[in-house]
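Lettered A, B, C and D in written order, each chain numbered from 1.
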């Protein structure tokens, strides 16, 4: 029973599935951020993307600076504890070097948009926004009447990316994807999309995945392409594989302040680098080993196996 | 069930399962209960397409059971599955989002448009028979690409002019309620009964007799149907199960005769 | 940092939290059905319960026959592959020995009711029911207009049980509950409720739970009481612990057909049995061992541990 | 930061964190970002109540980090946590369902009713400063039992008569939009600034000066506030952090001075 083999390389996956003008979501809430895939989009020179990401962090700064993005759909515009996104700010505050369209929600508003998209619903209700200026800023945030006699409630429309790109710990060749640690709204962002590309730390044998089916966040039917891409989340992290490169995030802030420095960085670390393996080599073994984590395995659980002849048509 | 491998009755589970299996040619993901649909999918995997995948409403995707499952929540379906999702995820993200090609349904009654009754025989308030109700069928009907219905009886009680209750509506009924509410799925495409195979080629159309089982005539089928059922232009005799299909069902798929009757 | 200890015994948990007239959900979709807790409710003679369960199976037959239930909220009235629920049918078809109020949905309708209850929402939309007689049968199934211009969509109201009772593989003493295999809509049914009682196969040390936080379906804040109750799901099953007693389900059908036989069974197996340990003893070691499963452990995953001094305010 | 353990400035992180920690007496579950709220919760656990639990919008419940977290999605919060939920579950089942007692928020601006601006300074279309936006604050405000706000500045720019933009509205503004839409939470109950502690005792009421930090007067605070702020009847001087509180912050909680400034 050979399932289709969805394993490809990142260059092919992006070339095949990401086209100019598309709506593209790259998700991962502080964890499993698909940096390698974002850099590949930059390298391939995609333009006019509507870029969806709850927390546009320095990946957004980089993709916007590279000229890939004409519109941002998001809910928090800052790089975690490391400060402002100056590339985003320059465009929004002074249209420098050009304006950036922004469609803005709260975090749960974005989550609800992905849920509606994933569930095939025309809208999703949430108990936020009463009295807020957000619905005035964003007319896609609307209200519906409660048919059970309660007060009106705000709703958001579905978000249906053309492509969602995620990073995960592992997948099998047919595309069953497992992740652990912070899983964010990745399941929803994937099911909401037409096409799903997942980069993983490792492709594993089917029996590894099938030993723990509850760990599968995306069954194969929800996944279009799988790419083995170790270190694909750096400078963010992959739980159990490598830690966040906090120094890198801090180093970004002064770069981000200087448009020339951003372009220089992109040239050196994206355009002049063919792929993630070369990027990691350039980063150097010492820096990489500084991000290593010590093992802390989960205790296995037992799924059980029916004993032959124990049951049946008795 | 002492028939030979080459002479199974059209009313037998082997016959219905083999006919059902053939409907799955070219299909990818099937949403089904256990029993006859399980046999049909297993047979289709072995004879038509190894990639046919069963999704269960219990949340299981990509099961590789080591034994025959007794129920859609059987532990053998879980052990070694590719994924077990929560029911909210299964119903919303997998089914309602449109990832299911074929739904397999049963029913106590089906009407000419492929609407199903699995709720009541007789009066709603004091029914003659309280049937199991909607379960997941009310979701499978609008959201699966198409639905295949297997009936164990073919008579005007099971195929009436009017349902006692509509549990799982055809797109035709959805269209009557509100033309804009017509669901994405085709509704019932195929009905397999002990007498015939009925098909519904148009999403807003009626069932018609497409195949008549060996030994029966179109008139036999019409007489057993509760409305003036249409007849396809190219109606033909249902192909019997092959010896190999029957052998697989009896000797490899359901060796303990859990579902074969 | 000692968290509150929520471990109690089943008699106390039911006596404290389940009162006559309450709305009580016992969930578990063919798996982890909380039979021991249902039997304790019968033993304590609760009356006038609104009993919520997507698939009222023979547990519903038993609780209804015992006179605990005045109303059933459900979506599928049959015992899986094993046939009709005759106690339910007698009441619905001929009010024998008395009528039973039924509020009826489809499976996803019930799931959406739990989701709305769990999320604090006034309703939940689903793309079912267009053209169906179900909204005529149940006026709580209503429609709302789509504020984005699409067609109307049906919604269901929240289900908010006073008490939800579940069975699971394991929990720690503070009430962090882990389950695997089929998890149904248990997370939603629990968060929807005011009070949550969970019976488990085993109470484990906190570090077992904390070795795999993604396995926690109910964090302690969602759980009121935890009861160690091995075998608490029989005749249903607990993945990795014991298999479904299919013979028991088949034996129930003829009992269910005869009201006297049902009452006799309840007397022998519920009222005359003080607790689940006694029930299992009465069932006998041979039958119980026939339900045993062979081990099939999940392969552990690594959560990683930060190496001292690897990071920090660099 | 060479002050002694007994002489920390009211504008220091130690002072603000110690004052914030005391607000958590009797509270059970706190929804917070990292930085000062993390310090406050950790301090409250050690001085007031070991059961105070931090819930993060990243989905983590019951964290027991082996090191100081740098961000709400830090891997040290995950390893050894009691639970990691998906964000849909965290926001809907935990927060929106009402399981959070206290939300900790920051803001660029707060008005007299406790509405917050974290979106824009200046014009919405071409702002002087593009702030981070709503994040989870727009959900924490209506759904947490109450919110505590920590401000790093106390001047009429940060506490203006009118917000440039309302990101996270007070129940007062929800009531203005529709009296039936008033959310379950109290909204902002307490504001801690470098000058004072402000409180809002009534769900539909205004902030008032409750405590004034050592060395300052009520008039100093009023002069630095952008509206005619009310004064509580029993206004008093803010209690200084104890030597033990400052020692815990510096020597046990944030030994690397990641957040202490």
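Rule of thumb we're sticking to: a residue touches a chain if its C-beta (ideal position, glycine included) is under 8 Å from a C-beta of that chain, and two chains touch if they have at least 3 such contacts.
By chain, UniProt protein names: A, C = 3-oxoadipate--succinyl-CoA transferase subunit A; B, D = 3-oxoadipate--succinyl-CoA transferase subunit B.
The structure displayed is predicted, hence computed values, not measured ones.
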TODO: Please state, in steps, how far chain C lies from chain A along the shortest route of touching chains.
DONE: 1
- [ ] Compare the CA centroid of chain A with every other chain's and tell me the farthest one.
- [x] B
Open item on the list: Taking the mean of the CA coordinates per chain, how far is chain A from chain D in Å?
Closed with: 29
Task: Centre distance in Å when chain B and chain D are each reduced to the mean of their C-alpha atoms - done: 58
- [ ] With chain centres taken as the means of their Cα atoms, state the distance from chain A to chain B in Å.
- [x] 39
Open item on the list: Multi-chain contacts only, two chains or more: what residues does chain C have there?
Closed with: 115, 120-121, 126-127, 150-151, 180-181, 183, 187-188, 211, 214, 239, 243-244, 246, 293, 296, 303-306, 311
TODO: Send over the residues of chain B in touch with two or more other chains.
DONE: 60, 70, 75, 78-80, 84, 92, 96, 143
Task: Chain pairs that touch, as defined at the top of this document - done: A-B, A-C, A-D, B-C, C-D
Open item on the list: Quick check: in the complex, which residue numbers of chain C touch chain D?
Closed with: 1-4, 115, 118-121, 172, 174, 176, 187-188, 191, 206, 209-211, 213-214, 216, 218-222, 303-306, 308, 311-313
Open item on the list: Under the stated contact criterion, what part of chain B meets chain A in this complex?
Closed with: 28-29, 45, 50-51, 53, 55, 60-62, 64, 66-68, 70, 75-76, 78-85, 89, 92-94, 96-99, 143, 184, 256-258
TODO: Spell out the part of chain C that touches chain B in their complex, as residue ranges.
DONE: 29-31, 55, 74-78, 80-81, 88-89, 92-95, 104-109, 111, 115, 126-134, 137, 150-152, 180-185, 187-188, 237, 239, 243-244, 246, 293, 296
Open item on the list: Under the stated contact criterion, what part of chain A meets chain C in this complex?
Closed with: 120-127, 142-148, 150-151, 153, 155, 157, 169, 178, 180-181, 183, 208, 211-212, 214-215, 239-241, 243-244, 246-247, 250, 290-307, 310-311, 314
- [ ] Spell out the part of chain D that touches chain A in their complex, as residue ranges.
- [x] 34-35, 57-60, 70-75, 78-80, 84, 86-88, 91-92, 95-96, 115, 119, 124, 126-139, 142-143, 165-178, 180-183
